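Structures incoming, each one as structure tokens.
Heads up, the next two complexes both have chain A, just with different partners, chain B and then chain C.
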Partner chain A sequence: MTDRSPALVAEPVIEVTDVSKWFGDKVANSKLTCSFGAGVTGLLGPNGAGKTTLLRMLAGLTQPSSGVITVDGMDPRSHPLLFERIGLVPEEDAVYGYLTARQYVTYAGELSGVSNPGQAAADALATVQLTDSADRKLGEFSKGMKQRTRVAAAIVHRPDILILDEPLNGTDPVQRARLIALIRSLAAAGATVIVSSHVLVEVERLADRILAMTSGRLAAAGSVEAIRAAMTDIPYRVRVAADDLRSMGALLIAHDAISSVTLDAGEMLIETDDLGALGRDLPRLAVDSGIRITRFEPEDMSLEAVFAYLDKRR
Partner chain B sequence: MTSEGAVFDLGYERYSGPRLGDREVFWRMVIDGLRKSVGIGKRARSKAFPFALLALAILPAIGVVVIQVVANIFGIPLGEELLLNAPEYFDWTAQLIFFFVAVAVPNLLIPDRVEGVLLVYTSRPPTINRYLVARLVAMAISVGTFLMVPQLVLLVGEGLISDNFFGHMVDNLAFWWRVPLAALFYLAVNVAAAAAIAAYVNNRGAAIAVYIIAMNVLSGVGFGLSSINRFFSLIAIQFWPPRLRDWIFDRPSPEEVPGTDVPVVAVLGTTLAFVALAVWLIMRRYRRLI
Partner chain C sequence: MTPLRAIVVNTLRGFLGGRRSWLLLGLALLPGLIQLISGLVEGGAVSSQLYEEFTVQLLFTLLVPAVAITFGANAFGDEKRGRTMAFLTLRPVSRWTIAAAKLMAAWMGAALVGGVGAVFAAVALGIGNGIWSEIVPGIVGSVLSALAYAAVLLPLGLVMKRATLAGLVYLILVEQFLARNVEQFSNLSPFRIGTSAYVGLSGFDRVIATLSITNGAIDAGAGGAAAKAAIVALVMWGLTGLALRELDLV
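Right, the complex of A and B next:
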């Protein structure tokens, strides 16, 4: 068992140590310490939480005001060749509207020093399923197609570190599913992928690990379940439906692990500090009392609920 | 037929193949800048302006050659003096490059910065300094083309209608090296001024207007104040290149060029200091962006 902070990974590729960033008197990031390794890390937070500033610092685009950021032990701002290993999908539009997707991605490949940028661009465009539209001008593209083009430009040089700022913005559900599959496949192949989003469902589907940010600070780190489990001051909420609610309610009130039971829209809303004990004991109590449970659903195990708690703690 | 199936992992590997060197990547950025500055790859309207200006720049050279050909055919004496010589030709091309630079430099710098496209460069190995140098080299090549091509047309045209083409070219070599040197000053002053303005103004139309107004106002003020003290003529930015051109060609400046009595070393020093200041301002602005 290790006592390493959940914000740190065992084999870090990117390390952030006590990093702060301020613009004038506005603090964008405050004393962040975390690290990133292979797999998908979701950077979660509301708009203005400081995600984009952190991503820009990770990508070497912005200097931290204090603290240190290293990629494989090196400062990306003083080792430009590290950029050969990094792919960035920025939040900004960042495309030349008069270029075709192929020209744009080829140029991105040239800038990254790929020796055969034409072929690399064709491969990257095929990966994001834009081959059929590759020779159309970007100015004619929908937001989702532009987004996929930017992803193609970010992977044209096949980086092993991918930094994606709100990559699913503007994409339709089918494109979103494809991009999520692509991002997960890159991570499965060993790439370090950092994805920011303020859309909780996206992050939940994408990331193995979450760093939640609020007001420029790191609010939580780990998997959704681990973060929720760490919130010992907030009881779990479980929605239970049964064919005899009154009897069920009476049984539950007597249980040590239950702190409150509320009737809500023909169901019971139970608050408990020990979800495990409730899950263990409830079926037994129901069987012993001849009650049939028709629903047992933890209400606040989703990322959305967890994040709402985090946000309240600010 | 088999009932077994398999999905193969196509894999994703970090690129480890050969890479273009820094120099190659730099020249690709220069080529991109050249294409943008003359509108290649953009709509016809974007190309019309620079190519129309280039045609206008070459027109006098072609006209002079045609007049000489016609005069030769009909035996019309044109006198000893050339109809148009290299230093005087700069007076015409300088007016055209003034407008070309006014439009092309903001087009080259401002959209990248304002529309976030700068990230395309800065998130990759080229540094911001290399990006800027590549952009300025692209401008230098396109403006240099504007300045040099008409001069070359004039030189070659006059050579072709002379009795001895190679003799004409050799005779002019001793004098012609001054042309690119003079062109360098026209180029440096105009591009430096326009780029420094475009680095700080985020609207292309405003940058064009500020450049045109600033250059004309400074020149007007310098011209006006030169009667009080000859050194005030050093404010007249548009007159630095012609003054230096006349020095390079070892000929007296026309009277309309203010500050002809100011030592040329002062004009040269002011020009170099101005270009250095402009480069510093541009670098400072872009370093703050990154």
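Right, the complex of A and C next:
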């Protein structure tokens, strides 16, 4: 049995091999190798991580500067017929404002070679609960309604590969739950679904598998549980102020759970792998030594910081 | 509806539903309006002279080209600005079909708006002095001129952000000055296509001389003009299809 990288799947539909993309001197993606198969794969990363560029390359909208992307063994840019199988919801909030939702989705069906585009559009609009607003102009739609219309246009030809870039943007909680259910049902029917998001909770609800990206590279890959576990390994940073910082620092350096202590602007910045132990022991140490603690504040771990950590750990 | 027809219809819907088209239509009707007022106020002889020396000139060397440049540049320009290129191109439709559909839509839009201007001017001439023979030359000239200009601007609209501006600057600087004065430039100029077709069919004897004085030697002939327009359209369709295949589209 061979060890497969967690970024690769056993039965790939889309394969990305050593792909880089740069715009001028800006590197958007760097040497990405991963694959996508049936089920939902979440592409997780902060803004600017290179998710959209990767999705655009997967869909054939842009070509890699180096490396190879194939869909069922073919280059999507030179095989337009592959798009009979692909549906894309791009990140941009873009629709033809002068069309009604029905005209827009019907147009998508006509371009996709659907045999009865009018009926297919009606079905797709019903799937995203937009039947009642189908004959209103898209220019009058809210952001969430436009998003659902774009999803309807992406599924009107019943694709078995669905690429969604931040599909839950602008949707309210009810619409979000419905879209998540829809995406999961498409995957359950055997579709390959790739969803990008910068919100971990969203991806957790959607995806069976996650590829975490940062700075244009893959930072981590695997099941939701594996990524979650990797994230809980991140050392916590706590800001502590006390009336006798030197003595407090000396006590903390000797503590097993503390990996570093630095003085910063009259306070201490403590890094620990075990926030619980620190919270439990710090008050006792302070009381025993007669030191008064005036501040104890864990620093927020932004998603960017989490990804930066994962990236550094690679 | 086939994908080709669907793209043509949607592009025309976008073109003709906006304020831009009404503005262009207003401009295209301007020479006819002047012609009409002149015919009603001054009478027959002055009206024909105005038509030969001013109206035709304004229509075929400035207004019909400007309309076609705008439609040609925006056939893809509107999709790029509206960020709908992904919607259009990620479909099982060949890039050549997309390019052909966009060219047809730009041509039809420009020919419709420019043609209405040309017909209105010819009708205004008829109202002024009873000459009705210029309607067909006006339609043919504007349709062929629209094709040539729309085709040239089609790939530019795909690769440039300000293709309309670039086209209008070209029209004013190169065609209005260089092409009028330098024989080599005038032979390459797309406006010759429209004027050649027009003078080839026109009942006015003097119009070719008038246009030649200001625009350089013009070979009269609608057939030759149609062939030239078709060649320009074919070449530009090919270039556009290639650009769609090879370039990053967003």
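Assume the second predicted complex is superposed on the first by the 225 of 314 C-alpha atoms of A that agree within 3 Å, B and C clash if a C-alpha of one lies under 4 Å from a C-alpha of the other, contacts with A are read in each partner's own complex, and residues count from 1 in each chain.
Quick note on the criterion: contacts are C-beta pairs under 8 Å (C-beta built on N, C-alpha and C of every residue); 3 or more make two chains touch, one makes a residue touch a chain.
Here the structure is a predicted model, which means the values were calculated and not measured.
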Practice prompt. Give one word, clash or fit, describing how chain B and chain C relate on chain A after superposing.
Written response: clash
Practice prompt. For A:Asn47, select first, second, both or neither according to whether it touches chain B, chain C, the two together, or no partner.
Written response: neither
Worksheet entry | Most chain A residues touched (candidates chain B, chain C) | B
Discussion item. Which partner chains sit in contact with A:Ser112 here, chain B, chain C, both or neither? Use first/second/both/neither.
Written reply: both
Item to complete: Please work out whether A:Ala189 is in contact with chain B alone, chain C alone, both, or neither, and reply first, second, both or neither.
Response: first
Worksheet item: Who does A:Ala94 touch here: chain B (first), chain C (second), both, or neither?
Response: both
Item to complete: Considering only the touch criterion stated at the top, classify A:Pro80 as touching first (chain B), second (chain C), both, or neither.
Response: both
Item to complete: Check whether A:Pro159 is in contact with chain B, with chain C, with both or with neither, and answer first, second, both or neither.
Response: first
Discussion item. After overlaying the two complexes on chain A, where does the chain B footprint on chain A coincide with the chain C footprint?
Written reply: 59-62, 80-81, 83-84, 86, 88, 90, 92, 94-96, 98-99, 107-108, 110-113, 153
Response to the item:
Touching chain B in the complex, chain A uses residues 59-62, 80-81, 83-86, 88, 90, 92-96, 98-99, 103, 107-108, 110-116, 120, 153, 157-160, 185-186, 189-191
Worksheet entry | Of chain C, residues touching chain A in the complex | 1-3, 6-7, 10, 13-14, 17-18, 82-95, 245, 248-250
Worksheet item: How about chain B: which of its residues touch chain A in the complex?
Response: 9, 11-15, 17-21, 24-25, 28-29, 32, 41-43, 115-117, 119-127, 290
Fill in: Residues on chain A engaged by chain C in the complex (per definition of touch)
56, 59-63, 77-78, 80-84, 86, 88, 90, 92, 94-99, 107-108, 110-113, 117, 153
